[in-house]
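Scrolling down, you'll hit the structures one after another.
Both complexes shown next keep chain A, but they swap its partner, so chain B is in the first and chain C is in the second.
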Partner chain A sequence: MTATLERGLNALREQIDAPVASFFSSCVSCGLCAEACIFYRETEDPKYTPIRKLDLLRRIWKSEYTLFGRIANMFGLMPKVTEADLTAWEELVYDSCTMCGRCTLVCPVGNDLTMMIRKMREGMSAAGHAPTELVGAAGRHADFGSPMGELHPALHAQIKHAEKETGIPIEMDKAGADYMVLLSAQEIAEYPDVLAAMSRIFKKAGITWTISNDGFEATNVGIQLGNRDVARTLVTRVVEAAEKLGVKGVISPECGHAYQALRWEGPNLIGRPYKFEVVHIIELLDHLRAEGKLKTKGKDTTKVTFHDPCQINRRGGINREPRNLMHMVASNFVETDDAGTMNWCCSGGGGVGANERATDLRFKAFNRKKAQFEKVAPDKIVTMCAYCHHTLEEQLEEHNMDIEVQGLTELIGEYLDDE
Partner chain B sequence: MNNPYFDLLMWARGPGFDIALIIFAAGMVIRVVEILVLGRKSDKAPAKGSPVGQGIRTVFSRSIPRKGLINYAPVTYLGGYIFHLGFFIALFFFGPHLSLFDSIFGFSHWWPEALSFQWPSFGRVIIESATALAILALIALMYSRLTDPVRRAISTFDDYLVWLLCVLPLASGYVAVNKLFGDPTLMLALHILSVELLMIAFPFTKLTHAVTFVLSRYYNGAIQGRKGAES
Partner chain C sequence: MAPKPMLPELMQAHGISRRGFLKYCASLTSLMALPPLMAPRVAHALETAARPSVIWLSFQECTGCTESLTRSHSPTIEDLIFNAVSLDYHHTLQAASGHAAEAAREQAMKDHWGKYLLVVDGSIPVGNPGFSCIAGISNLDMLKETAAGAAAIVSVGTCAAFGGIPHADPNPTGAVAVSEIITDKPIINVPGCPPIPVVMSGVLAHFLTFGIPALDELGRPKAFYGETIHDRCYRRPFYDKGLFAEGFDDEGAREGWCLYKLGCKGPTTKSVCATVKWNNGTSFPIEAGHPCLGCTEPDFWDNGGFYKPLSVPAGDYRKYGLAAIGAGAVAGVAGAALARAGKARAAAAHENVDAHDLEK
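Here is the complex of A and B:
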């Protein structure tokens, strides 16, 4: 057995806990998880059945963590997980799963398959079986501060641009502000208008905020790659920056997995609760709305629909908030089928969008959303994740669909009543 | 006393049943304990919703399918419901079974008067319809397992064995009660033996889910509930 294989198997062993054992103990091979999976449904290839993607983890659990399995193992009746198995499973664990979480919600015995994929990626990456793009992004993120490399100059340019547009100064590294704002690399590079929108909204609401030069980027490739060490390093950067400035809260941007990383995994990665709260930007905006501190004027009258990012809604619990906000600013807001908790993934999440090898599969998987959008025929799709935004634009172009995509914060900014 | 199968029946009802019950009970205790001892790390992220409340709710609510999904796997859903309901009705509401439970758990002997209870048994028509429907549902489920690419791909020996072990008690019980064929004493003995096989297989197969689903559904609900997300 090679050292990397052993390291991978050990990483998998570390992931096995009571929930995992209860999930595998309860599986009745009904196959319903496949019906929930975008990759199975669009390809009808049974190899994409979610529980099957977890078979290596299941085998290790069974042969090492159950008494009867261990006895069978002593007699050589349990097949060992090999290098060839890991190679074969790489595509299943990374290319054909966006960790969207639909299977977790349909399993009749309640198996959290998505959480187990997240766990299985820890073993796969430790064994050197992760997509090179994610490994590369992790390196850039650790060395230069973002998966896209050094972003300080771009950030500073965008801040200047937003200040010029709004006439509102943005003070960096301001100690004692209410909130420290984080952005995703995607926003800095592609959708910087969100900065101006936040600037105007927060000024009107009387909120003080800042951006830290030490930790401004919220994405966390460690979560997608399945590498706790990388994930911890990236979360620590943000936590240290926020605690140094002594802010009351940190605003998680319009980015799906960043919210998972910061809000839910982060305290567990660093082993303690934060000294500040983490709030998603849309959660905060809805809170301001309820408090009467967010007022809008006029409405978008075109036909508008909403795309739910999996990590923010299904796996993040933010479902009503964006809808409250949508109704404030859109007079013709139409939902797609399955909207809300059971929405279909944009097909680019969980690192799949960055994975070159998965491109064809991803384009195929998007057919589900395509059909839903065709049914509603919206003029605009609004979402609350910059990566969903990016993926939707890319996919709509690939599928020759001329529909505008916009971030919700930016849309709210457009109709803000700031007189 | 002249019936040659009488001894077999006596063995099945006596030592046979005791052996099966011990393997079933001890095996299931091991299965549950080996899950729980693995434990889980305390979650340091402040909860948004109620993990415990939603965990408990999900143990029940997950019995209802997600909207729309039933259209994609009608046989699995309907067959699953009919089989489980039919099996439970036959097991828990057939008069002679109730007498058996009473003799094992001693509701009417050991328990304090106030706690002593016995639920009513159902009439023959209901029991036999439930049994027949459960068998038909199992046949439909096996057909789907053999023909549907997903189910065929994920099926193992365990799935086929458990299917057989579920059919046998239902079919033999139906034959024994209705005296359809064979010697009634032998049929009753075979029925009891088939149940014992099911009990012995319980801790070693996916039949375990009948107990562990409470844990898995709870964890699912608790993990989602902590985030204030639906489950």
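Here is the complex of A and C:
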């Protein structure tokens, strides 16, 4: 079976529920969501108004789920959603939305626009209108266990490297460990130093941990595509691996949508609660700090700032924790404007960073973040998402800004007092 | 026709001193909301007024307005002011009858064409004009014919001004107000059931001295209909304190508390009842312990009952409200059922999407 318009429209019909109906009914067309959207703000093109990106979903709701819409539909007064409509909306649903959740937060009537974009993507992906890069990544993830393809050899090499560096063995597939650690493909490929940092921190704190060969990949391209069948397949691997090892918790790494996928969407996708708890690495580190199990020595004296990943802070609720940790290890920590829950997106999330077609738009959207960084003029930007990390590096290079970027776990590792 | 006596002579004939006349002019001036400096002008105008011809037509009415003006406390200065005009036709008051009476009207119209003042009390039936006739002429024809040569029209009483009681639901005669038939003449509405005598004479005095007074959106002189009874009511302090009579024989009623909960229409009724009062300034309905009926407002008879508080909606709202709620609930449940069925169909039609199955 191949992707068809009818399959896409059917997926949209499936997605319409009471919250969607109440959101569309209660929208007052105030336009505040436009002001909250980085793509609208940096282009001032009204087509990027978040609620407008949902117009196809709204049309289906109106013509098939409302009384007046049904009557109008009977007389052929409601335009049908066509293949051409879906093609036209690709750019709006996939290129110009990182699902950062800012619009949801400002909506005066409380409409969860981000959740509706996620639902729109269900229909778009089922109809074959998802960006080819994400479609390719989904195939690789399904077949080889990671969106970057077969990563087992790289993972094993990085583990060996970390063991050599720290002198602490890392035992894979160890049943009964306290935690099972997930990694994002980005970390394995680009930022493997995090492994050594975690190894040392956990050793000091007396935590046992392991990595599963069956499910080490934290990312979930199904979430970015917006396809729950694919997302369910991928999250099930992690859930099964963790339950097989009987760990008490799974650590979600520094990756935004991975946290969304496992922490919030996962139980709904598989239709039951997990037999383990999910904790974000930064959440766990702050917890260890509070318990006195995480101690640091010395501080970074350069000027550092922090970039909040949308999925972990705004949509994940982890706001105070990274700041507690930052103050532990940085003596000159300066916040940018709008830092915290109203932070602006790095412009690479939600699959936008992988989408070649969106490259120019993405560079333009970064201007807001750029201005905020220029105002603070930091020596280093710290973050807690590997993909934000990757995007920031790419954007800083494009905009000729010479600022170092570092993951927070790695920074904590640098100043860990493990004597 | 012998020249009629001027006002000073009439005053003397009635034993009213010049001082009494000037006092009346001053009070009339203030009542008309004119500056005090205007009092001498009022007096001068009344003394030298050319005694315009007045034709008074009574249609579907109870004669209460005429009673109010002429009989309530006669003889008075209002009565005298009434004498300052030449009342050439008024079928209750005139001695002539039948063809002679109609001849008097026709003569007055002919003699003063374009200058006479037409006063109307009572509504006009248009359902079938034959419902009310005078000397074989229907009210509708007589009004049209007489209004044609009038300088202005004063609609006295709520029936002439807004249709009044004949107009009340179900309005069997198709009664309408003067203003719904005559549209090309200035019309002054002096509503009330009946209007306060001094209001009627005050409007006439204003017309004699300064012409047509300033009117509100319902054609009522602002001087007499500018404020609500509620705003000037001596029981207003009780309203502001939230002290209400709940029945006609309870403590609140005995204490003289606000009658709002007993259906008083004072808050929505514009009239000078609370200040000028009735029967030579003796009292007014609220002072007598009864809520205001709102008689100076359009459709006062149909506003849902005299004893129903203003905050309770008028009309058969319960039946329609329940019907609307019922219909809404049925439509809502049916709509929800249809939507659920649509969603269930979509869920049944779901075909599992594989990661390799995302392209066309």
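Observations, loosely collected:
One rule holds in what follows: the second predicted complex is superposed on the first by the 416 of 419 C-alpha atoms of A that agree within 3 Å, B and C clash if a C-alpha of one lies under 4 Å from a C-alpha of the other, contacts with A are read in each partner's own complex, and residues count from 1 in each chain.
The rule is short, and it goes like this: a residue touches a chain if its C-beta (ideal position, glycine included) is under 8 Å from a C-beta of that chain, and two chains touch if they have at least 3 such contacts.
Note that the coordinates shown come from a computational prediction; the quantities given were computed from them, not determined experimentally.
Considered on the superposed chain A, chain B and chain C are sterically incompatible, since they clash.
Contacts of A:319 after superposition on the shared chain: chain B is touched, whereas chain C is not. Within the superposed three-chain model, A:126 lies in touch with chain C and out of touch with chain B [touch as defined at top]. Of the two partner chains placed by the overlay, only chain C lies in contact with A:138; chain B stays clear of it.
After overlaying the two complexes on the shared chain, residue contacts for A:64 are found with chain C alone; chain B is out of touch. Contact with chain B, but none with chain C, is seen for A:52 once the two complexes are overlaid on the shared chain. Comparing chain C and chain B on the residues of chain A they touch gives the larger count to B.
Applying the stated contact rule after C-alpha superposition, one finds that A:84 touches neither chain B nor chain C.
In the superposition on chain A, A:16 makes contact with both chain B and chain C.
Of the two partner chains, chain C is the only one that A:225 touches; chain B does not reach it. Shared contact residues on chain A (touching chain B in one structure, chain C in the other): 16-17, 21, 65-67. Partner chain B is touched in their complex by these residues of chain A: 16-23, 25-32, 34-36, 40, 44, 46-47, 49, 51-52, 65-68, 104-112, 115, 263-268, 271-273, 277, 313-319, 338, 341-342.
Chain B meets chain A in the complex at residues 30-31, 34-41, 43-46, 48-49, 58-59, 62-63, 65-69, 72-73, 76-77, 80, 148-156, 158-159, 203-204, 206, 208-209, 212-213, 215-221, 223-224, 226-231. Residue ranges on chain C touching chain A, taken from their complex, read 331, 335, 338-339, 342-343, 345-347, 349-360.
In the complex of the two chains, the chain A residues touching chain C come out as 1-4, 7, 10-11, 13-14, 16-17, 21, 64-67, 70, 125-126, 128, 130, 132, 135, 138-139, 141-143, 222, 225, 227, 229-230, 233.
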